[in-house]
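These are the structures in question, set out in turn.
What follows is chain A paired twice: with chain B in the first complex and chain C in the second.
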Partner chain A sequence: MKEKGFRRDCLGIPYALFLVCFVAAPLLVILYYAFTNGQGQFTLQNLIGFFTSPNTVGTLVYSLAIAVATTLVCLLIGYPVAYLLARSKMKHKTVIVLLFVMPMWINFTLRITALKEVLTLLEGNLAFHPFLNTIIGMTYDFLPFMILPMYTTLLKLDGTLLEAAADLGATPFSVFWKVTIPLSMPGIVSGVVMVFLPSMTNYVVLDMLCNSTYIMGSLIGSYFSAYDWNNGSMIALVLLVIILVFTLYTNRYDTQETGRGGALLS
Partner chain B sequence: MKKIGSTIYLSAVLFLLYFPILILAFYSFTTSANIGTVHGFSLDNYWTLIENEELRAMIGGTLLLAFGSAFLATVLGSLGAIGAFYGKSWYKAGIAALNEVPVVNADVVTGFSVCILLIVVFGMDKESFFPLIVGHVILSAPFVYLSVLPKLKQMDESLYEAALDLGADAKTAFVKVVIPQIFPGILSGFTLAITLSLDDYFIASYTKPATFNTISTYVVNATKGSQTEIKTALWALSTVIFMVVILVVLLMNVTSKSKPKQTGKVNYIIVFVVTCTLATIGLSAETFAKPVTLRVCNWEEYIDLGDWDEEERIELDNGVSILGKEAMFDDFEKWYLDTYGQEVHVEYSCFGTNEDLYNQLTMGDTYDLVCPSDYMIMKLMEEDQLTPFSDEFYDREFALNYYAKGVSPYIRKVFDDNKINDEPWSKYAAGYMWGITGVLYNPLYMTEEEASTWTVFENPKFRRRITLKDNVRDTYFAVLGIEKKDLLTSQEFLDDPNYEKRVAEEMNDVAPDTIYAVQERLQDIMGNIYALETDSGKADMVTGKIVGNYQWSGDAVYAMDQADEDGVTLKFAVPRECTNLWFDGWVMLKKGIGDDAQKQQAAEAFVNYVSMPENVVRNMYYIGYTSCIAGEEGDDTVFQYLNWCYSAEDDEETVAYPLGYFFSGDNTDENYVVTASAEQIGRQLTSQYPSQETIKRTAVMGYYPDDANKDINQMWINVRCFDVRDIPVWVWISGILFVLFIIFLQLRKRNI
Partner chain C sequence: MRTDTQKGEFAMQQTNDNIIELRNITKTFEDGFEAVKDFNLTVKRGEFVTFLGPSGCGKTTTLRMIAGFDTPSQGQILLNGKEIENLPPNKRPINTVFQRYALFPHLNVYDNIAFGLKLKKLPKSEINKKVNKALEMVDLEGFEERKIATLSGGQQQRIAIARALVNEPEILLLDEPLGALDLKMRKEMQLELKNMHEKLGITFIYVTHDQEEALTMSDKIVVMSEGQTQQVGTPEDIYNEPKNAFVADFIGESNIFGGIMTGDKLVRFCGADFKCLDEVEQGTMIDAVVRPEDIVITEPQKGMITGKVISQVFKGVHYEITVMSGKNEIVIQTTKKAKVGEQVGLVIEPDGIHVMLAEHTLNKIESGFDTNGSLSFMDGRLGINITSILPGIRKEEEGLYVDSHGDEIDISKLKVTISIRPNDIQMSDDKEAGQLQGHIINLIYKGDHYSYVVRTVDDFDIIVDDEDLWNMDDFVSLILDEQKMQFTLKK
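And now, the complex of A and B:
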């Protein structure tokens, strides 16, 4: 370096400090609250309480059920869309792709308001199918987040590999199952990450669609408004651990374009 | 053939994505308030969007927040990426790991943890906007980082070296060579940051100041509410956003057809122009904020907001003529200037529930004058958070003391008799509105007999067509009423000389066993109701979605009025077991008023202003609730308003309805008997002013001791949570099979 005064790695210091103050520190605070009681003494009661209460475990199961169902539906609808878009040689492909992304720019609360009106029109009374409506709402909300990462991955897919497989005698189905799917795994994984976790916590969708059962997100909120930071933090911590396990498990797929990010505008 | 198939599939998915938005767009151009019926074409919704200051401020604020936080996030994130890229490996890994946390974390957890750190631990004020901005930067900066990093990796480092060799210093080389190469990454990071901020709800809900709303928090509040004008204006808003987005997409498409080399530049120009325009809109909408003096926080839709049509003018028999032109707090500013010769600015904001208000107070929001309900007043008194009203305020000789002179003898007695630590409510609180709770019902589907009991919520006949309140106290009261129905209606209990006291005792029963019994019962009831609601029930009654609705008397009046306009008749029944008597009152907060005598004078003047008989009528007409004000002696404006509302036409059957207990303290007082149309019994009149018999079986809900409060909150959580024991066996079995299947697949893979 010619000049000592300017070092490029120093440019990162503000961001590093910011991350330490507002990402690392809150996590430590959560950790502290989760393992103390109202008087600030160490306790495991919150943890034990979480896993022994039929309600919190029930909420976890209910949230997981919503998340799994939403993810599956999004995958089933979204994968063909991403595949067809990536493979097609349409003239206005960019526009069509943008059309699938565009709903993200309209705040989800407005979209769910719209959906609620339509569902009410179709079903008459939303209260009879709370779970179904929730899945529909979540799918409607998160579908674009599922399609995009898969689309970007499929776009980069090397067509010659598919031809090679076909030349070597594979049926179209096994080409798809043994070549396309494994190669598009990074996209699928980031799509799943994008959909699975938010659908465990997005309680506004439930509220707006008349489902009064709590999910993980609403449970945190309810402890928060009852000034019970300790139990609230424990639930946040449980969610964090689930997320951690999830990311560790999925990290083996090299997800270059992480989730809702990278893919969006690449 | 294949191509057609794929086109059909893609179009079908697109159709599903856009159908709801398009439906809303269509209805936003009509006068109808509900999807399904079309009355006529109109641009009213768009007009409201432009005209309504609240909406404008909300849109401006959202845009400003999005661009401001995106800018910060872009600077931080880009610099972070550059630093990490050139830094040592531990530094790189550290940033990368921390950067990943907000990306994968659920927004609820991010918002919650930031809120806990900044507000609970550091006691920061939400009003400073610092937590909100930090929250949004945390949300978006990691994505900027992620979109800049790949560009750095792709960059040709030898160019930088070449620049240095050619004599540029490190800084110049960096600015002129590195930055241009990674610029596309920075730009897409910026756009991404804006997208994320615009789509956020959860972080804002934990960190935003109470007086500020983003589009999402506003929509969530509005959907709980019942103001159809706002509801349909939001349809217009989503249509406008939809059109802006479509326009951007089309522009990008047009430019992508021009020469490929120029595309990039033109796209930057488009992004730049759109950014500038939207940021300007944001800034100009925000500048409407006024300097603050008196910060008033009231319930939503709980004061006259003016804007009445000329034909709504109320002409009373005593010659008083009333018309609400402006919002009452704006009128107050003028009145105060005229009367006291001082300028005052009222910053008016709203809360949704007593608990929200209390949260705001403990979470660092400061107000001067707020309007909580009875038990919250008691709690605030107990916690010594209130400033007492001055002695002058209760001086009935002074002409401007409309409250002291006008308050109903009945209400005055309640406020003087109820005490906390030997201090009467009236020392700290001035009554605003009062009422009871009951069941609003549609007589076409439900008889009065069926509606006049708390057990209506259990009645299978109305399965999924009846609602309870999304509020633990009100719902607890109703279910307690069911739990104790036999006792409350037994002859022995009714004949008890201490009947009124005993009702209050029974209905404030928070023994652990009782709470448990309520929980069990409520769990069953949850399967019978349509939903828990706060405000949307009124509209749902009119549209017929539901036929019964647990309701506060004032909202019931409002709903009946609305329904009458739509040709639907609704009625209000008070359960025969007992009912909840409640009050909302103005209290001054120590934290806000402090020792500021001028502020206290303005606050007390505000209470007096809303207690002026004309203003009482304006509020009652506008919101449907019943004022605590009866009017001073010799001024019968409020009573005349009752006559104006309810007195019978000549050919109608009439009933004499005595209300002396409220107006003069003597129910046999012949001056205060409304000769009402017989139809009014069980409708607006009896909801607005319950008869003395009804008042007899009412109980005020006190505030519960801390441990009971905790139990009741836990009961509420238990009821709302899905019980793991409710999962049927087949689900367990299939779940286990599924997990086994996954493990089996993994094992097989490894063996290959």
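And now, the complex of A and C:
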């Protein structure tokens, strides 16, 4: 082996190439377009334009509102479900978990189209409640991503800790509030990340349910289809930074928690 | 603090002294497993009581019922004379130290210990004082801010004890708290716990499978096996006067020999007569327990029995020597060396012999008859018919039997006890060889043979004597000698 000059690092070359071609290069291109004008000259106009145009800022706020609302609704529905599934002694638990996960196996467009029909049947005209419908659509779509991580964390939760809390005088409510919730934090955080980020940018739901382009993802799309690559890139870049900050923040919390949990197991 | 007036009120004293009382406690789990059967116990205030037994004997389940994590299927638990069996754990003045500590990983040391106090809504300064005192007690001052994951097993253990004791419970329950520690640490903690118990005066109920731990720490030991109490007594009682072969075998090393009383305080085992201190009627079958340290090796002509040394192992303080005398294997602990192959004499003083009434000398199985008149035990596979048990009975027609006087007999109401001696049953690993199959659930060495308990697939416990060594949980087939079976009818 040695004489052929093979080293283990060589195995990394394909991945490095992949990263350069499909991650680093596109990012550089976006960066280039975001900070140049149509003639290829450096400018900050796109950045200033983003934060001064009521259209882009409005869309950003609206997207954030949708993402926050969706995440909250998913959390409120998802936690009790995950808790019941993980902590109760009911039989056929896995079947029920599967039922919640199964919609993920069905084609996304098909699901949303079906939902659209159902909502139209209920509301008559979807245009009356665009915000509500978007939340319903996104919740329907992302709920499994919220349930699964919380379910796995709650499943691993050591039952003797709950007994210990009760033993020390905690009522069932305080056991839940002081032990179960803090210990399921890693699951909650990953669930929130998994739902918040895609609901910030996903525009298919909105597009299909309300024919609206009033969300970040579709805004970028509309700029690019109008051949305004510079402004489109800047929106993408701003979004990237927001997501990066959010991820870094939650990640730090997440690893801290699982780190403690992991050390407990060892 | 007993005053003279209190001494006079005897009945009052009784209820005051017993902090907790378990009456006829039975616990059957949802899957039908009976973990605890008809368990009775009284614990005095301030006592250190240990539940001792092999894993699966129901000791932890009993503890969990006292703590309130499990409710008994039957029976009562009285705390200071009041029934508490339906009270949730948070309403009982009892705290637990868990086997794997169960410290909260999301809280630091201080918050772990303060958990119970904060729930009681005590003022901050008082919580602070109590937590500091608790940390001082377990010798971990300055650890307040530490994360649980950064502590060693021994430190976690101490925090767990501090967390329980800081609430000043009336009873402290400890579920094998030292099981995860290494030997040296365990010995240290044993003494520390004992000291804490003496200093605090709180009632301790301790669960362990380690007999040495139980003997070292307890005021009272409850030896348990298969959900039932085998013996309750002081460590000395349990060690010196074991009630049955199980206790003798479980507590410390012991030689158990099957034998018979041959005269007044005279017992015969290993082919010789020995003087003993126990008065048992002549002719009674007994089990004699002799502790390895109570046997003295001398020259062959001076010994009460003789034998050949077959092995010698150095154990630090003493040698463990195995002597074969006839068919009996005898284990001896002595500080003197012996030579393997050497012929030696053995002397056992009367106070070294403990005589127990032999139990399990007969297997008794209750059964009835099916409509064909066959014994319904084992679905009639035994092939024994009512006509061979009840003399004079005739079969008139299907399901109708008539006795010698011509009276009709309802055979479905007849009950019969099948008795067979343990040595009339053979074990085989050929599944087809015997009438019954089952797993070995218990074995005790009795000098020249092993006494096994086999639990059959139909859930009968059968005692079998066999010279060969089988392993626990072996699946064996039992060959019952039908000629040696005895049948007694009950009406």
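FYI, the second predicted complex is superposed on the first by the 241 of 266 C-alpha atoms of A that agree within 3 Å, B and C clash if a C-alpha of one lies under 4 Å from a C-alpha of the other, contacts with A are read in each partner's own complex, and residues count from 1 in each chain.
Keep this in mind: a contact is a pair of C-beta atoms (placed from the backbone, for glycine too) under 8 Å apart; a residue touches a chain by one contact, two chains touch by 3 or more.
What you see is a predicted model; the values in this text were computed from it and never measured.
Enquirer: Once the structures are superposed on A, label A:P182 by its partner contacts, choosing first (chain B), second (chain C), both or neither.
Expert: second
Enquirer: Mind working out whether A:P149 is in touch with chain B, chain C, both or neither, as first, second, both or neither?
Expert: After superposition on chain A, A:P149 lies in contact with neither partner.
Enquirer: With both structures placed on chain A, which of the two partners, chain B or chain C, ends up touching more residues of chain A?
Expert: Per-residue touch count on chain A favours B.
Enquirer: In the superposed arrangement, which partner chain does A:S233 touch: chain B (first), chain C (second), both, or neither?
Expert: Touch partner of A:S233: chain B, not chain C.
Enquirer: For A:I243, select first, second, both or neither according to whether it touches chain B, chain C, the two together, or no partner.
Expert: A:I243: touches chain B, not chain C.
Enquirer: Figure out whether A:D158 sits in contact with chain B (first) or chain C (second), or with both, or with neither.
Expert: second
Enquirer: Pick one for A:P198: touches chain B only (first), chain C only (second), both, or neither.
Expert: first
Enquirer: Of all the chain A residues, which ones make contact with chain B and with chain C?
Expert: In chain A, positions 259-261, 264 sit in both the chain B and chain C interfaces.
Enquirer: Along chain C, where are the residues that touch chain A in the complex?
Expert: Touch residues, chain C against chain A: 67-69, 88-90, 94-96, 98-100, 102-106, 115-116, 119-120, 147-150, 163-164, 167.
Enquirer: Can you list the residues on chain B that touch chain A in the complex?
Expert: It comes out as residues 3, 6, 9-10, 13-14, 16-21, 23-24, 27, 35-36, 76-77, 79-88, 91, 94-95, 98-110, 112-117, 120-121, 134, 137-138, 141-143, 145-147, 150, 164, 169-171, 174, 178, 188, 191-192, 195-196, 198-199, 201-202, 206, 215-216, 219-220, 223, 234-235, 237-238, 241-242, 245-246, 249-250, 252-253, 256, 355-356, 359, 362, 464-465, 470, 526, 529-532, 545, 710, 713, 716-718, 720-727.
Enquirer: Can you check the complex and tell me which residues of chain A touch chain B?
Expert: Its residues touching chain B are 1-3, 6-16, 18-20, 22-27, 29-30, 33, 54-59, 61-62, 77, 80-81, 84-85, 88, 92, 94-96, 98-100, 102-111, 113-118, 120-121, 125-128, 140, 143-144, 193, 197-198, 200-204, 207-208, 210, 212-214, 216-227, 229, 232-233, 236, 239-240, 243, 246-247, 256, 258-262, 264-266.
Enquirer: Show me the residue ranges of chain A that touch chain C in the complex, using the header's touch definition.
Expert: These residues of chain A touch chain C: 158, 160-161, 163-172, 174, 178-179, 182-183, 185, 257, 259-261, 263-264.
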